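Each chain carries a letter (A, B and C) given by its place in the written order, and its residues are counted from 1.
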Amino acid sequence: MTAALETRALGKRYGSNWALHECDLAIPEGSVTALVGPNGAGKTTLLQLAVGLIAPTTGTIEVLGHDARAEPLHVLPHVGFVAQDHPLPRRFTIAETLKLGRELNPTWDDALAERRIAELGLSRRQRVGTLSGGQQAQVALTLALAKRPKVLLLDEPVASLDPLARREFLSGVLQAVTESGITVVLSSHIIADLERICDHLIILSRGRTQLVGAIEDILAGHRLLTGPRTSPGGVARVHDVIRESHTERQTTLLVRANGHVYDADWQLHEVDLEEIVLAYLGHDGGVAETEPAAVAAR
Amino acid sequence: MIWVGWRQQRLETAIAAGVLLALAAVAIPAGVHMASVYAHEHLASCVGNAESSACGLATGSFQTRFVGVNLLFTWSTLLPAVAALLLAAPFVLDLDSGTYRLFWTQSITRRRWLAVKLGFGVIALAAVTGGLTVLAMWARAPLDHSGGRMGSSAYDAEGIVPLAYGLFVFGIAVALGALWRRIVPALLLAFVAYVIGRAFMDSWLRERLLAPVKSTWQLAGQHGPNLDRALVIDQFLSDKSGTRIATAFRPCGSTSSGFLTHTNAVCAQPLARGAHAYMTAIYQPASRFWELQGIEFAIVAGIGALLVLLAAWWTQRRVA
Amino acid sequence: MIEFHLETRSGVPTYLQLVQQVRQAVRLGILRPGDQLPTVKEVVEQLTINPNTVLRAYRELDLEGLVEGRRGVGTFVASGQPPLPPDDVKALRSSLQRWIDRARAAGLDDENLAALFADTVRPPTISRVA
């Protein structure tokens, strides 16, 4: 499996603050990867580094095997990028916006762009400034998809959209994945819906990767244990304890299991993705830091 | 990118061109009328004819009669600055609104985007300021012929200086825009910088760009140099060596600009005490028009060009 | 043709929900041999889910022999589905019953039984994450 996006010891510093630090990850081709984390976790930084909008302070980042800063024309034609708040020239009509895409991209697929605009029920004469937020996001996505990219990078694409517009936007992305098998990386601080949309997950917090992997493996690999109050010592020797909480009588552990976890002392529960993500975001975690995270090899 | 650059800038270019056309719509009929009056009254033959006070009066009254045209061109010297602000706006707006992230992630290099955006701005600016220069030099011809073109309403609207100020303001606006990425404060501050810069140049630096000429002549009997068309920096009663005579005396007919013209000097003559009174003038002769313009252009346009390059460099390297 | 639906709160992986719904439909006779399953594109559009998930479900069904993919045409229910022989179910149930009795005797309550069963059927497959 080749990597669509790969970083090595990637870091970006603003002043004395590391927006991204010691980041090692590989995103497999054809995957739909969610980049989750709170605001300021480094999601936007990672995506902007990928497309060369900013330069790394340390390490390297490659998209399809090329560095976007050094060789922009080896990367940009193959990458669709929708920035946060999907900026578009407001004075342009939709037809002019499509012309913009045609002028600036050698691989432009005009038929695809026109078809999407028609499917969205938009008129070519409408000005971008008069469209709703959801429609603007769709136009920005059209611009990105009609490049016929191999990789689609979306920075908080649905954060400002209402639930219906969110669903329609994601549906557009998934159709492109179905038809062209493109790799998608989308950042989000909304965890709901990600499980059905994405197959891989990267959890970022305070500029560091906390967890990287296929969602299926992540779900299968985590369990919630509840039992009488005790120290997690025995469990922690075998499994990684991501979060522990205690009441007077009871102890609850969220563990990353290494093998079978059944133990008559503990009640065993499956956990959903949202709970796992929240546990990692609250986790001061040495896990991902002691051993570099890598995408599951299958 | 060519089409995109033009599409993003055409409104601003149209507004700047519209202002120029509005100016032309007033200036062309006025210029035609003025030229016919000038020819009809044979004023051309008066120029440099210091002997005839009738000529002096006729020239003076011609200048007074068309003071409105003069005023129009005084205001027109704002056009390069206004056009520069308008044409810098599309560049700064892309940075302000975040649309630069859209352009820089299409299949073009940042360098190309910069070249087109800034290049188109400069080209349109050169066209508008060039238009102003041509219009001013044509319409003002009679005024310039009789009164010279060293005064602000001519000097700042003719030759290559309008383009220089255009570039100056454009440079400030795009540099501030690149650093700040806020369109309104960037353009406002650029305009303030323009007003300060031009006031400094008009009132102080321009007369010092070249060492001025100093000329002393005897009031009784001698005629001094013809200062009608010159940029007179100072003129005063003096002794033979040109040293100022401290006196409460003020010559009659002092013009509002504070400069004595040749005609005023004639008027002052009877008041002067005897044949030992001398007059000294410090001035830039009219013949230095292009030389002064060249130096001023080099300074002002040079600053503007450096600022444009700074904006480009900063955007290329630092902006994300 | 069947229409899929998702229970987001069930905790069952999405691909497995699709697999179970096809199995159920075949068992109930809603889908008969030769019937076409919705295309990946249709499922993606209808449910807004990752196409890889749908592909994964169809691949799993294909491996089971329940459906067969015809390149460029679609996915169809395979012919000659052997229904689960009732005798087998009986035998399995009785051996499971014996196992449960032993577990109860060992002191496991129902919840523990279920947990142990689930942990054995789908063990946490880790180590591949990070």
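Note that in this section contacts are C-beta pairs under 8 Å (C-beta built on N, C-alpha and C of every residue); 3 or more make two chains touch, one makes a residue touch a chain.
Note that this is a predicted model, so its numbers are computed, not measured.
Enquirer: Would you identify the chain whose C-alpha centroid lies closest to the centroid of all protein C-alpha atoms displayed?
Expert: Measuring from the global C-alpha mean, the nearest chain centre belongs to A.
Enquirer: Pick out whichever of the two, A-B or A-C, is joined by more C-beta pairs in contact.
Expert: Pair with more contacting C-beta pairs, A-C versus A-B: A-C.
Enquirer: Can you compute the centre-to-centre distance for subunit B and subunit C, using the mean CA position of each chain? Integer Å is fine.
Expert: Inter-chain centre distance comes to 84 Å.
Enquirer: Centroid of subunit A to centroid of subunit C, CA atoms only: how many Å?
Expert: Each chain reduced to its C-alpha mean, subunit A and subunit C end up 28 Å apart.
Enquirer: Nearest whole angstrom, what separates the Cα centre of subunit A from the Cα centre of subunit B?
Expert: Distance between chain centres, rounded to whole Å: 57 Å.
Enquirer: Hunt down the residues of subunit C that sit against at least two other chains at once, touch-wise.
Expert: none
Enquirer: Mind listing the subunit B positions that touch subunit A in their complex?
Expert: 1-4, 7-8, 11, 94, 97-99, 101-110, 320
Enquirer: Applying the document's contact rule, which stretches of subunit A touch subunit C when the two form their complex?
Expert: Where subunit A meets subunit C, its residues are 30-32, 167, 170-171, 174-175, 177-179, 195-199, 211-214, 216-223, 256-262, 264, 267-268, 270, 272, 287-288, 291, 293-294, 296-298.
Enquirer: Give every residue of subunit C touching subunit A within the complex, in rising order.
Expert: Those in contact with subunit A are residues 6, 8, 11, 13-15, 40-41, 44-45, 47-53, 107-108, 111-112, 115-116, 118-120, 122-130.
Enquirer: Tell me, which parts of subunit A touch subunit B in their complex?
Expert: Touch list, subunit A to subunit B: 48, 51-54, 72-73, 76-77, 79, 81, 83, 85, 87-92, 96, 99-101, 103-107, 140, 143, 147.
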